[in-house]
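To start, the structure itself, in structure tokens.
We just call them A, B, C and D in the order they show up, numbering each chain from 1.
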Amino acid sequence: MISLQGIFPPLPTAFDSRQALSTDKMQENIRYLSRYDLTGFLVLGSNGELVNLTYQEKCRVYQKCREAIPGDKLMLAGTGHQSTYETIQACQDAARAGADAVLVLNPSYYKGLMDRKALTQHYWAVADASPVPLIIYNMPANSGLDMDADTICELSTHENVIGLKDSGGNMVKMGTIIDRVQGDFQVLAGSAGFLLPGLSLGARGGILALANIAPGLCLDIYRYFMDGHLEAARKEQLNAIPLNTSVTRQWGVPALKEAMDHLGLYGGPPRRPLLPVDSEVQSTLHRLISELDIHL
Amino acid sequence: MISLQGIFPPLPTAFDSRQALSTDKMQENIRYLSRYDLTGFLVLGSNGELVNLTYQEKCRVYQKCREAIPGDKLMLAGTGHQSTYETIQACQDAARAGADAVLVLNPSYYKGLMDRKALTQHYWAVADASPVPLIIYNMPANSGLDMDADTICELSTHENVIGLKDSGGNMVKMGTIIDRVQGDFQVLAGSAGFLLPGLSLGARGGILALANIAPGLCLDIYRYFMDGHLEAARKEQLNAIPLNTSVTRQWGVPALKEAMDHLGLYGGPPRRPLLPVDSEVQSTLHRLISELDIHL
Amino acid sequence: MISLQGIFPPLPTAFDSRQALSTDKMQENIRYLSRYDLTGFLVLGSNGELVNLTYQEKCRVYQKCREAIPGDKLMLAGTGHQSTYETIQACQDAARAGADAVLVLNPSYYKGLMDRKALTQHYWAVADASPVPLIIYNMPANSGLDMDADTICELSTHENVIGLKDSGGNMVKMGTIIDRVQGDFQVLAGSAGFLLPGLSLGARGGILALANIAPGLCLDIYRYFMDGHLEAARKEQLNAIPLNTSVTRQWGVPALKEAMDHLGLYGGPPRRPLLPVDSEVQSTLHRLISELDIHL
Amino acid sequence: MISLQGIFPPLPTAFDSRQALSTDKMQENIRYLSRYDLTGFLVLGSNGELVNLTYQEKCRVYQKCREAIPGDKLMLAGTGHQSTYETIQACQDAARAGADAVLVLNPSYYKGLMDRKALTQHYWAVADASPVPLIIYNMPANSGLDMDADTICELSTHENVIGLKDSGGNMVKMGTIIDRVQGDFQVLAGSAGFLLPGLSLGARGGILALANIAPGLCLDIYRYFMDGHLEAARKEQLNAIPLNTSVTRQWGVPALKEAMDHLGLYGGPPRRPLLPVDSEVQSTLHRLISELDIHL
């Protein structure tokens, strides 16, 4: 049984100035971030622009990132596609490349038809076929579909389904799920904005965009909480919110990449249709980074 | 400066079998619940069916509840109306009846026009005119309008605006507000479903439908947290979620009233268009109450 | 059986510079607009700021408007409140004042509980008690609740329910309703933005904010369509859209009032929390009016 | 300049009982439907399960369908992907296969970042690179993003952007666009549910799921309208709504396929996660088909 306890950055996918995939730059980022006490890395989540890569590119990312991720750190691989068929294919290719687990976003294009039955059958088939454990990925702000607690709890009974990354931030739902599932189903916060509230309910940690640029701060919130220093955890949690909001809900992946560039990692341009942030957003990001006194 | 620290039940408004207001029954409920270590009571919140009363009935509720609420417990009074004019009038009538503070839901009928400027001018005028301190009430599930952090933070600078009841449950927003406002602006959780996550971010307590039927459980979560017993708090928080969901988001005021009847308080019928719960919901409620071993 | 065939303006409620109700100004507007071939007037719809008046003020508006509305024109009166009780009271007071029919907005505060059963029982009770025929009013942009076709069709079977004003603009729903109800249930478009599409499906006319400032244009669309001059109707419909959008979805009642002032009717200020439009919006409105060459 | 005047069915993509792509079955359907006076066919729209195919399968569908579509009928090809890069690639592959125009759904995964600037740059780059004319595809129910009139009007100025398929059904927006764009920008209704309302505003026709199973009915609405027989058009439009709703918004692609099977075309199973309709839905579909007396 894989333990997901702790903090994971969801790695952005690197593109060069001509929009071509650059796995070299991703490997450099991984090596740099591996000096922190992170549990592992997620490749090809929403921050990894999963949807902006061709299938061949995705396979290359799985392989090249695994080469760079140390053996004592987990590689989680985003493999969700709209069809059950292509999702299974991606799970198998990610496993072949050395992923420790797959993170599967729900299909959502036919929203009106994605009821509990359709979602359950989809995930069940994928979990059956995946050579490595499956983590459910709920990301309503992007997918436009918010998986409900009943569906998630039903899926948690599959032996190959080991956890949930919830990026919706609905704490009542997170509490409902933790209350109802068996003890070894592991819930992870999907954003640093609600890491501490999530931990207070029993989340095991988080997959946090902010951990790409402020791994120390994210680890501090986590450790202070685990050690019972709640007031210190609370202080760091509140500190983390403004920068986190700016690289997630507000300006997203392009802002995260700008912040990485500013801090000496490789951010680079997002792939279109995503556009780089403008200079005003740049200034705000630099100010927020400066206020937190972040140095990698 | 009034301290809102602790737990408040939002009292349901009692109607007899012919839909007539019964302040006697409300007084009985208040007397019973006053034996608990609650900080005070909210009258005419969403659970108090504010919108289902005539203006004259509202004034009677303010007066009769104040008669029954002990002097050492606060009476918060819901006074929000769609117009600034009628909201001010209600604040003055509630203050005259002895309310310690008013809880003001935002106007929302003209959603598209309720931008930051309109809301700020509305609340500013109400806060200027209210003889008692004002608490902002954000309740997007009912009003259809979710007040943003910027607006709330701006309003917090008015000297007569002392706090916020947030029933939206967005922990990132709650954290953002607590991070940005001055230290004496008091945030309260608007539902027991996210009491502990809210406390973990610095909320002072909550105005909780569940506190009408499980005041002990709500107080336990609060006290365990305040005393640093986080694991005990977490356990009670998870325990509280199923019943809380059933009397709030799922089946609402009619379910809360049914639960009160079942526990020996007066619930009675909701006022139409709200309908009493059916027998299947009744059974579920009784089971949930029984599982929590609640006795008043 | 009352015929709703034709065009109705939903009269704005007039306030003086100190926010006090001015029924004199409303009467002047009515007299002026009565020179057009309008079927009647709606008082206290969304454009009439129903929600911004006290109950006493509403009764005065019913009475004073009826005095001014010619006997050969219908007075429809908005009477929807959140409670069944107060809605019935308003229907009776409006009828007593001489309303020919009442326009009843659905209750919406407890959105999650306003299922088909609750809404049907509410409207059934109101229709039973109303001394004059009832028109259902669906206005999802304001109420936050979109009544479905099934509910509306069920309500249409009550003998005192004669029609629907649909402001949602969903033409598939409008077509579904017209297809399923009996032939004498009368559907009215709730905005000039979709008057012609509505007529093409069988709507009888419309209750149109634009008819307060461009009654001639609205009547032209209607008449051209009725006379089979579809291309002329289409041309006028497209012409009407920009100004209509500006006084409805975009800037709402305050813009409608500004346009009325500009054209020589009494607009005056909206009641707070609604704010007057700024000078930039004023200029846009004046330009749009000028482009349409409107003179009253 | 290609004329889009008339009716197009959006062909479902055929899968065999083992979920494998069957272009043979698609060719048979095309041959059968080509006997009707349809302007052409759309391949790989939402009804074509674009998102459920691998990239290689998409290319095969373009080629094989083009082989079967008569030279005097247009082939429109759905080519929208999340990235600008893959969208351009698909436009080029579709053109190479013989598509007359491409239908490009907007990227929507990063909803919060898909503002007017990002969407305009995306479409501009695609229109620059596409060897054949581009039709914008707005499908908010599936994409979760509703492109606004301003963006669409700006895009209409690109010489290679010739039209819009709007499946949102917002007639005010459709009218706004038709009013503002140059006369040769062609708007098509995206559902038979609002074909007649769309035509009344100046739409040139429609791309209609219903045209796969009731091409005669769709053509009747269109022709009656074009010939000025508005009452006959209205009657057929109302008749079309129930079956159309059942194979679109209500039960979607699986229901459309069931109806095709029932009528002697090849429907077959949808690809997972889409599930075949259950027997109750089957019965409803058969009844609706029988009521309309449809025979192919």
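Convention: a residue touches a chain if its C-beta (ideal position, glycine included) is under 8 Å from a C-beta of that chain, and two chains touch if they have at least 3 such contacts.
All figures in this text were calculated on a predicted structure; none of them were measured in a lab.
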Copies chain A and chain D - rotation angle from C-alpha fit, nearest 5 degrees: 180
Chain pair with more C-beta contacts, B-C versus A-B: B-C
Centroid distance [mean C-alpha coordinates] between chain C and chain B, Å: 35
Residue numbers of chain D (touch at least two other chains): 249
Graph class of chain-chain contacts, one of line, ring, star, complete, other: ring
Interface residues, chain D side, partner chain C - complex: 169-172, 175-176, 178-179, 191, 193-194, 196-202, 228, 230, 233-234, 237-239, 241-242, 245, 249
Chain C residues within the chain B interface of the complex: 19, 46, 51-55, 82-86, 107-114, 117-119, 121-122, 125, 141-144, 249-254, 271-275
